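Next come two complexes built around chain A: one with chain B, the other with chain C.
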Partner chain A sequence: MSIPNGQAQGLVRQKNKAKYRGWLCAYLFIAPLMIGLIVFYIIPFIQSVLYSFTDIDSFNNATFIGMANYQKMFTDPDMWRSLGNTLLWVVITVPIGILLSLIVAALLNTNIKGKSAYRTLYFLPVVTMPAAIAMVWKWIFNGQFGILNQFLALFGIPAHNWITDPKYAFWMVMIVGIWSAMGYNMVILLAGMQGISGSYYEVASIEGANPFQQFFKVTLPLLTPTLFFVLLTSIISGFQVFDIIYMMIGKGSPAYESTQTILMLYYRNAFDYSNKGYASAVAVFLFLIILVITAVQMKLQKKWVNYD
Partner chain B sequence: MKKAIKSVIAVALASTMAATALAGCGAGSSSGSAASAGGSGEKVTLNLGYWDNERQGDTMRKLVAAYTKENPNVTINLQYTPYKGGEYWTKLDASMNGGTAPDVFWMNCLHAKKYVNGNMLEPLDDALKAANIDVTKDFPTALSQIYTFNSKVYAVPKDFDTNAVWYNKEIFDAAKVPYPKDGWTWEDMVATAKKLTNSSKGIYGIASPLDFQTCYWNTIFANGGSIVSSDSKSTLYSDAKTMGGIQPWIDLILKDKVSPDINTLTDNSADSLFESGKLAMCYGASYMIAEYLSSDTIKGKVNLVSLPTLNGSKGNVINGLGYAVYSKSKQKEAAKKLAAWLGSAEAQKIQGEVGAVISARNDAQQYFTKTQPSLNLQVYIDAVADSKPLPTLTVSSELFDNESKYLKQAWAGTMTLKDACAKLDADNKTLLEKEK
Partner chain C sequence: MKLRKRGRIVVHIILLLGLIIVVFPFIWMLLTSFKTHAEAVQVPPCIFPKHLNLEGYTKIFTELPFLQVYCNTIISTIVTVVAQVVLCSMAGYAFGRLEFPGKNVIFLLILSVLMVPGQIFLVPQYLIIMHMGLLDTIAALFLPNLFSAFGTFLLRQFFMSLPKELEEAAVLDGCNQFQTFGKIMLPLAKPGIVSLVIFTAKFAWNDFMWPLIVNTSLDKTILGPALSALQGQYTNDYTGQMAGAVLSVIPIVILFFIFQKQFIEGVAQAGIKG
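And now, the complex of A and B:
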């Protein structure tokens, strides 16, 4: 059975045509996303890298200055303090935040009354504007008229300047950061928990495991992929913390220096001082830090993340 | 169903095409009219950028209505961008890079030099001449100086603000203390504040916020000090006269104990404490009038008095806005004509009568004082004679941030003023190298 040559070519051509049509269709479907990504993320990213080697003014007149921005950055005490503050933020808020959202998710995964109401309540901070959150917490922490001081006065605890005293301010803002990120992590962990088949628990309870044993021996191991995702995104957003601190601590505040993070330093230089080249160098440095930490985590996940 | 989707797509495509066609049209016609814009009757559309809609939106709308009535061929779009957080300037920079900045826009002295150096502002001398405006004669000298670079005028003075002391009569009456009078001294103010401070009620005589324009620069000027050297190469914080103008403010908190401390003033602004009846006296700029009067707690119970003298001299900080024209405007001639008109007697009268700000023109300042006859607003205008403008630098925002970084430690008492000033001068040396 042989097919005449011409006919075979025709078939191949038709096949190719169908293939191209399929590709074209696929590209068309991903185009809206890709165009957005390229225009708003990839091009600005490349620009930032280029800018970091230049001295650029507000009107985009750039002069190439080599590594000068990076040299300045590594000798800038502001930069090291900001980096230290950012690391402290990540080290404190990420573990505590994940632990709390895990506990809340576990509690809301049981059959309690009004659990959807609780879920909504815990998720509420996520859908609230950071500006509104910052305003409310600023009032709670207000040194003269704040609810926190009035509440503590009931127990005879003297008033403190919670967000203007450098001793307390950063810790107070961390509380707000943990509180506002908890809902998001909780929902993801909850979804992960509900994806665990009920038959595991059935077997576990037949074998006589109590709820705590069930949690540590069944839920936790099977939840590791979700936990890994939550850890990864929490660390990345921890390094990029900006809005809450920006809203709660003003430039004139005595606590400003002790709460300045890398992104705050970036913002001041890029938009307040028009030092766009220097700001770009800071942004590139932050990108590299996040890149390395994420790569290390991807490597380490094999040791603790359970994918079956 | 398939048909319906097809027609939806067709409509969407057609409308985008129409939109691009229109955009093309718009660009074409505006460049076409550029050549003949100005006096001719051809249709011109101008964009006017500004940042204070709450207090001055009405003024701007009235000005636009008056101008377009006289020039029916001109259409003016008001473009509002908030000032807060630097949004106005960020957007202005971005739109200048994209070539779409407003044709005429508000400018202030802190930013003018940067835009002049970047060749973004159009000199207005010929347009002002055509409109019969002489900035050196028609406006206070301090204001006309602010926007003159290399003997060219880059913005038409719009309004100005100076500072005065506001007081809450109710607190004075309760403590049976006479109201302050013009010509009083700093020592008088401290003595008065001591009588009025009542910490058990949470009431303070006065506030010492870390605010350069409203507070301590006034006393620096009064004391004969200054911030930046005349060649803009160094700062002069460590100068004895400059420190002599700052120290009294620190003393208000730490020595005289008549002001809330810096933590309190960070949590609650001096203005908000005054508006809630917790402050007997408060330094306030002229643009604060509308805000103070909007507080039901103090409305009808306040008045104002000129700043106290320090070591026998008066001093005040004057700041003024101006109307600038974008150098790459496609309607440059029409834009310059509008900017010049906004500095005319007619326009400045309209602005003065609304009363949100003091009109810059010498002959239009009177209208402002008449808007609130019960208040002694004349003190703001009298202050012009003793006032100095804010320095015009390209690195001003960085300079002010540095200032607050060190001075707040002096305010808190964790660093002496002398140390703070020495650090400031040292830090600013490298900063001012960038100054062109």
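And now, the complex of A and C:
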């Protein structure tokens, strides 16, 4: 028995109608978000790249100037110093920060009491406002009345102007950076450790491995995917450090130059000097650095990350 | 890992020493905020204030529009959270569960927004807000933050993990797509939405660079940049500065202690899935 031709067409038409209605519905679901993302993110991204080839005057009229911003950038001592400072920040804070959070996570991954209380308190700096954190540490490090100098005096160490002296300032800000990011990585590493099956440790302890051997022979190799994630995200956020430095090192500070990172340079040019074309070139450059570093790490991971 | 008793004591000692460094700045901030100026700058240091002196707190409310800044922060946080939950759950549902032409290409666009460092958008975003005539308004504080690629990605992952049978049952019961979304899927996505709320609330409350750029008037900004202004205005008044710091961290810290499990698990999960 066959369905009459007209009826079959009707069925197909009905089915198509339902399909189109389903599509329309899906587009309605994504439309509000997509309009916002296009207006505030996707078009601005393209604009930033275009602006980087222009000179924008104080009335925000852009004139095309080709590669001049990039040429200026590569001959700008300010740029090289900022890049050097940013790299120093990443090279110092990322390994030390990860090492410390790894130690805390390993200690919390044992059979001690009060684990969740420790975990909660160690995480506290992650949720608090960077601006407030920076203010408190600045007060602790204050050269005249700061508690750090008064504490160090107990050991006969002379007072220093920790955050106005260019010799120390950047290192002190790095301490704060490590302090505020540690809890975040600790929680991710701890979760990774808890995902490792207990049977590995049973075998290891039957074979007579002590806790240190268990950590280096079992935990660490199986944790490499998590370590990779932590390394990647820490480096990316290291390149974008801003709030803490902006708050701790004021505009007139003698330590301003020695603590200027790429993002500080970008901010100053875009919004203090109205050099928006040049600032856009700096932003594009930062984007390319992050892109290259991420790509290199993705390649290198094959050498040290174990996926089972 | 199993440790013997002596090992456990050593672990506690190390963790407690670390904890002192982690918690000390919070305690010092709180103690200083209740001191008099003389107590704050005393050498040798005065650890505990003699009386609970509220001078620091009254000063920031009388000499700065701190109450206004506080309201701005609350408004901005609530609007951002509500908008992100609505927009990201709708879009996350469509990307996670519906079929439509161009889906993969559009989703790739969202992923690319996620991968670009946020600062690259700032100059054009600033110019857009300026052309809209919204510089120095409350709306400027949150407008670009209402649309989140991260939130959409997070909720898409969540919607994808729900079983398909639920949808089929809903269709058999005669629900249309909006009803299926609102009545069946949305309630099931609650854990994912809670994570998004927490992430967004923390982000919006602590935001710094964007409000610093778009709103230069003190009464139109939020707490982070206001602290920066407070610091500039009262360079040597540490009790006022610490009072401002205490007030700006208290709501989010309270929220954290109430929802600490969700906060921490949200972060931990992001790491595992990443």
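Convention: the second predicted complex is superposed on the first by the 263 of 308 C-alpha atoms of A that agree within 3 Å, B and C clash if a C-alpha of one lies under 4 Å from a C-alpha of the other, contacts with A are read in each partner's own complex, and residues count from 1 in each chain.
The working rule: a contact is a pair of C-beta atoms (placed from the backbone, for glycine too) under 8 Å apart; a residue touches a chain by one contact, two chains touch by 3 or more.
Keep in mind that what you see is a predicted model, and the values were worked out from it rather than measured.
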Query: After the match on chain A, would you call chain B and chain C a fit or a clash?
result: clash
Message: According to the stated criteria, A:239 is in contact with first (chain B), second (chain C), both, or neither; which is it?
response: second
- request: Name the contact category of A:230: first (chain B only), second (chain C only), both, or neither.
  value: second
Statement: Between chain B and chain C, more residues of chain A are touched by C
- request: Tell me which partner A:36 touches in the superposition: chain B (first), chain C (second), both or neither.
  value: second
Message: Quick check on the superposed pair: does A:250 touch chain B, chain C, both, or neither? Answer first, second, both or neither.
response: both
Field: Touched partner set for A:118, first chain B, second chain C, both or neither
entry: second
- prompt: What is the contact status of A:60 with respect to chain B (first) and chain C (second): first, second, both, or neither?
  reply: both
Query: In the combined picture, which part of chain B sits where chain C already is, 23-31, 41-49, 59-67 or 95-103?
result: 95-103
Task: Touching chain B in one complex and chain C in the other: list those residues of chain A.
output: 60, 138, 142, 144-145, 250, 271
Query: Can you name the residues of chain A that touch chain B in the complex?
result: 57-61, 138, 142-146, 161, 163-165, 250-254, 256-257, 268, 271-274
Field: In the complex, chain B residues that touch chain A
entry: 86, 90, 93, 96-97, 114, 118, 120, 202, 209-210, 262-264, 266-268, 395, 397-398, 401, 404-405, 408-409, 412
- prompt: Along chain C, where are the residues that touch chain A in the complex?
  reply: 1-3, 7-8, 11-12, 14-15, 18-19, 21-23, 25-26, 28-29, 32, 40-45, 87-88, 90-91, 93-95, 98-101, 103, 106, 109-110, 113, 116-128, 130, 143-144, 146-147, 149, 152, 177-178, 181, 202, 205-206, 208-209, 212-213, 223-225, 227-228, 231-232, 238, 241-242, 244-246, 248-249, 252-253, 256-257, 260, 263-264, 267-272, 274
- request: Could you please specify the touching residues of chain A with respect to chain C in the complex?
  value: 22-23, 25-27, 29-30, 32-34, 36-37, 39-45, 47-48, 51, 60, 103-104, 107-112, 114, 118-133, 135-140, 142, 144-145, 147, 150, 179, 182-184, 187-192, 195, 201, 205, 211, 214-215, 219, 226, 229-230, 233, 236, 239-240, 242-243, 246-247, 250, 263, 266-267, 270-271, 276, 279-280, 283-284, 286-287, 290
